[in-house]
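Going in written order, the chains are labelled A, B and C, and every chain counts its residues from 1.
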Amino acid sequence: MKIKNQLLKTALVACLALPGLVIAAEAKLSDAEVNEINAQFPMPSGKMLGDSCAACHGTLGAEFNEGMPPLAGMDRQHFIDLMKAFRQGDFPTIVMHDVAYVYTDAEIEAMADYFASLPAEQWPAPNITESAFLNPDGTIKQIGGAQ
Amino acid sequence: MTKTNRLSNALAGALSALLISTAGASLAAEPKVEAKAWTHIEWNQALSEMPQGDALRGAQLHRDGLCMTCHGDAGVAPSRNAPSLAGQTKEYTYKTLLDYQSGLRNEGDGKAKLMQAATLPMSNQDMADLAVYYAQQALPIRVTQPQTEPKIDHMIRKGEVNRMIIACASCHGAHGEGNGITPALAGQTSDYFVRTMQAYRDKKRRNDIHEGMAQFAYELTDAEIQALADYYAGLGYQGGAK
Amino acid sequence: MSSSQSMLSRRDLIKRFGAAAVAGTGLFGFSNQAWSSKSAHIVIVGGGIGGAATAKYLRLAHGKVRITLVEPNPEYTFCPGSNEVFNGHETLENLTFNYDTMRQRYGVNVIQDKAVAIDYAKRQLRLGSGENVSYDKLVVSTGPDFIYDAVEGYSAAHAAGDLPHAWKAGAQTAKLKAQLDAMPQGGVFVMSSPDGAYRCPPAPYERVSMIADQLSRTNPTAKLIILDSKNRYTFQEHYEHYWTERYGFGTENEVISWVAEKDGGRAVKLDARNKTLITASGEKIKADVINIIPPHKASKFAIDAGLAQGQRWVDFEAKTFKSLVDPNVYVIGDMVNAPMSKTGMIASNQAKVVVESIVADLEGREPGTPFIANNCVAIISDDYGMTIADTHRFAGDRYLVQQRISEVTDNPYVRHIRADLAKNWQRTFRKEIFH
């Protein structure tokens, strides 16, 4: 670990508090700090980053029936433009301005590639047997794959 | 009250009968009343009572009310999830907002629920302001008349006698510009158009007066709906809904 | 699953599937993905959010591994959303899922039994029935257990009886709801809110808010008291702001009272017979309904199996979520000692990191860099919600947290839409785990 003490001080305010009782109003790593971390470790893949969005946007971003927009099959450039606008904070959002600010350009682009590669179709409910995500026998396809 | 006497206050309060202030009670969630469908007479009455809209206030509410989050800058939808509102007739927008608020429009999905939450705080004046604001926003790019298969083209311009379908254009306009309570369709998000027509067809959307729209949707196939969606999306702005 | 397979007894299944380490082909609807006898066998302990997400995402990533899920209950009830049972805006039925989709769509062998021990050397999991299941990789996601005696006189027996904590949604939730509904007019509800790390940091305050919402209609003279073992809590500004508006918080007539630890709020003793909680400062608070939320620790299974190494929580290797006790065992969810909130979304995203670790091991490569997000929405009422966004960036031997909490607002649109977003999130998240 060669991360500077300075970085640890700023970022670990929340870490060192009781886990689960993180109350820091805002903990933000500077761009330089993020770059320093990213220089030491490979960037998380588009799939790793993108799958962490699933609780809100559905498995593989394929929730089409809710208020939160689907990401599966989204146009790559459109995803990038929107995320950068959210990150910039110049577009009123419900929560995305508080989410997008942590991602680098390269991370946004990796997520954009991942979501653009997925079928723009609703994640199948249990009673659905015909779906881009399913084999003919109703078992799941390995869409999205490993990292 | 200081924090230090919280406990004693909690104990004292526990012994005395307390009433919630009336101001507080108004915040409580009221049980939802079954929304009543419009008659033409009632709608005409409501329309005659529609407040004079203020587009500047509408623009402010578009941003502060988070409408812009889903419906986009100046009402051009930034995702496939929501309809564009730019260039919509003010009567249609006003009625839609009223119907979401009353629960008359409720397709049963998360989007309808979100719209109900979004419209609950609105006054009729707020709705009129938004309606006028959106009506003033132009769809930014017009393209040439899109091509579609002859059967669909015929349905749009001449209707289809066999299935008693009146020409789409006779109500929605030759350029999909809408007319009064009949919405503009030009440039509409294709996904939204498809979802809406399927909802009419499957009786999930029932806020049209006397089934003014639904009666023509019952016999449409998914393929026809998609072709109509593509046609109307092509009539207007290109590149918005993705 | 074909009918002949569904007729197999659990014992037969273990023999054929796990213990004997002889893989069948075409088991559990996976006829198109012929497993060879060399397919790795991944066994998951715990069918909650972390365990179910591991099974699902493992199958999404890998068609051929054999996956077994060991869970004592036939169904799982989500905690997210369960506070809204208290104001009648949610039902437990709506929050409850069985494992049929896990079996049929994801080809998971679900064994309804309790895991009791791990034989690390033999790589076997012992079940309550006495059977041993062999594994190549074991994922333990058995959640938290409770430190009942933090409040002297409180016990697991009380919780299962007339004093439910209802901190695992299900029968206890229903019982607490019934007690609240039967509370006499003008009655008193007392909650003891824990210190330390517990699942869903804002949930005690959300629960009190849902109860207050319900009582405002059915029992408007009732009184709610939170005895807190801490001095600050997540979304405190939001709760106090709204409670002030609606419940006269901070006035003589407040409906909800919050007593911080420094003001004597810590409940230390229960007098169950007299329905009384006694605080650290010796105050006795008699209530009609008592809800003690005990402090948490790692699950009994994790502790008994030695994974906690004598500690309260289970340590793990940051990059892979491998146990420090044995590299073939992975640990996730509310039982781990992570610098992360104990939430369902965290558990589900830790599961994805574990899946990547396992698949990388099977493929003989270095696992990709983890990234864990947590975006939670809590509500105070139908018309007030708020959000928290955490991300956890991997930095070698630790995770670096970035966090933003939504601002307190009087903008009615923002308040309403955030509240709706909570329901939206809950529905989507349930599908993400069990569909």
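Convention: a residue touches a chain if its C-beta (ideal position, glycine included) is under 8 Å from a C-beta of that chain, and two chains touch if they have at least 3 such contacts.
Values in this document were obtained by computation on a predicted structure and should not be read as measured data.
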Query raised in the report: Given the two chain pairs A-B and A-C, which is bridged by the higher number of C-beta pairs in contact?
Result: A-C
Query raised in the report: Using C-alpha centroids, which chain lies at the maximum separation from subunit A?
Result: B
Query raised in the report: Using the average of all C-alpha atoms in each chain as its centre, how far is it in Å between subunit B and subunit C?
Result: 38
Query raised in the report: At what distance in angstrom does the C-alpha mean of subunit B lie from that of subunit A?
Result: 30
**Report entry** subunit A-subunit C separation of Cα centroids, rounded to whole Å
**Finding:** 22
Requested in this report: Would you please write down the residue numbers of subunit C that are in contact with two or more other chains?
Outcome: 414, 417, 420-421, 424, 427-428
Report task. Give the residues of subunit A that touch two or more other chains, as numbers and ranges in rising order. Result -> 66-68, 94
Query - In subunit B, residues with contacts to at least two other chains - result: 64, 66, 110, 113-114
**Report entry** subunit B-touching residues of subunit A, taken from the complex the two chains share
**Finding:** 64-70, 74-75, 78, 82, 91-94, 120
Query - Touching residues (chain side subunit C, partner subunit A) in the complex - result: 29-33, 56-57, 59-63, 100-101, 104-107, 195-199, 201, 230, 232-234, 313, 337-342, 344-345, 348-349, 352-353, 355-356, 359-360, 363, 367-373, 375, 377, 387, 389-391, 393-406, 414, 417-418, 420-421, 424-425, 427-429, 431-432, 435
Report task. Going by the contact rule at the top, pick out the subunit C residues touching subunit B in the complex. Result -> 87, 89, 186, 188, 213, 216-217, 220-221, 223, 225, 245-248, 250-255, 257-260, 262-265, 279, 281, 283, 285, 287, 381-383, 411-414, 416-417, 419-421, 423-424, 427-428
Report summary line: subunit B residues touching subunit C in their complex are 1, 3-4, 6-7, 9-11, 13-14, 17-21, 23-25, 27-29, 64-66, 110, 113-114, 116-118, 120-121
**Report entry** In the complex with subunit A, residue positions of subunit B that touch it
**Finding:** 63-64, 66, 68-70, 73, 78-82, 109-111, 113-114, 191, 242
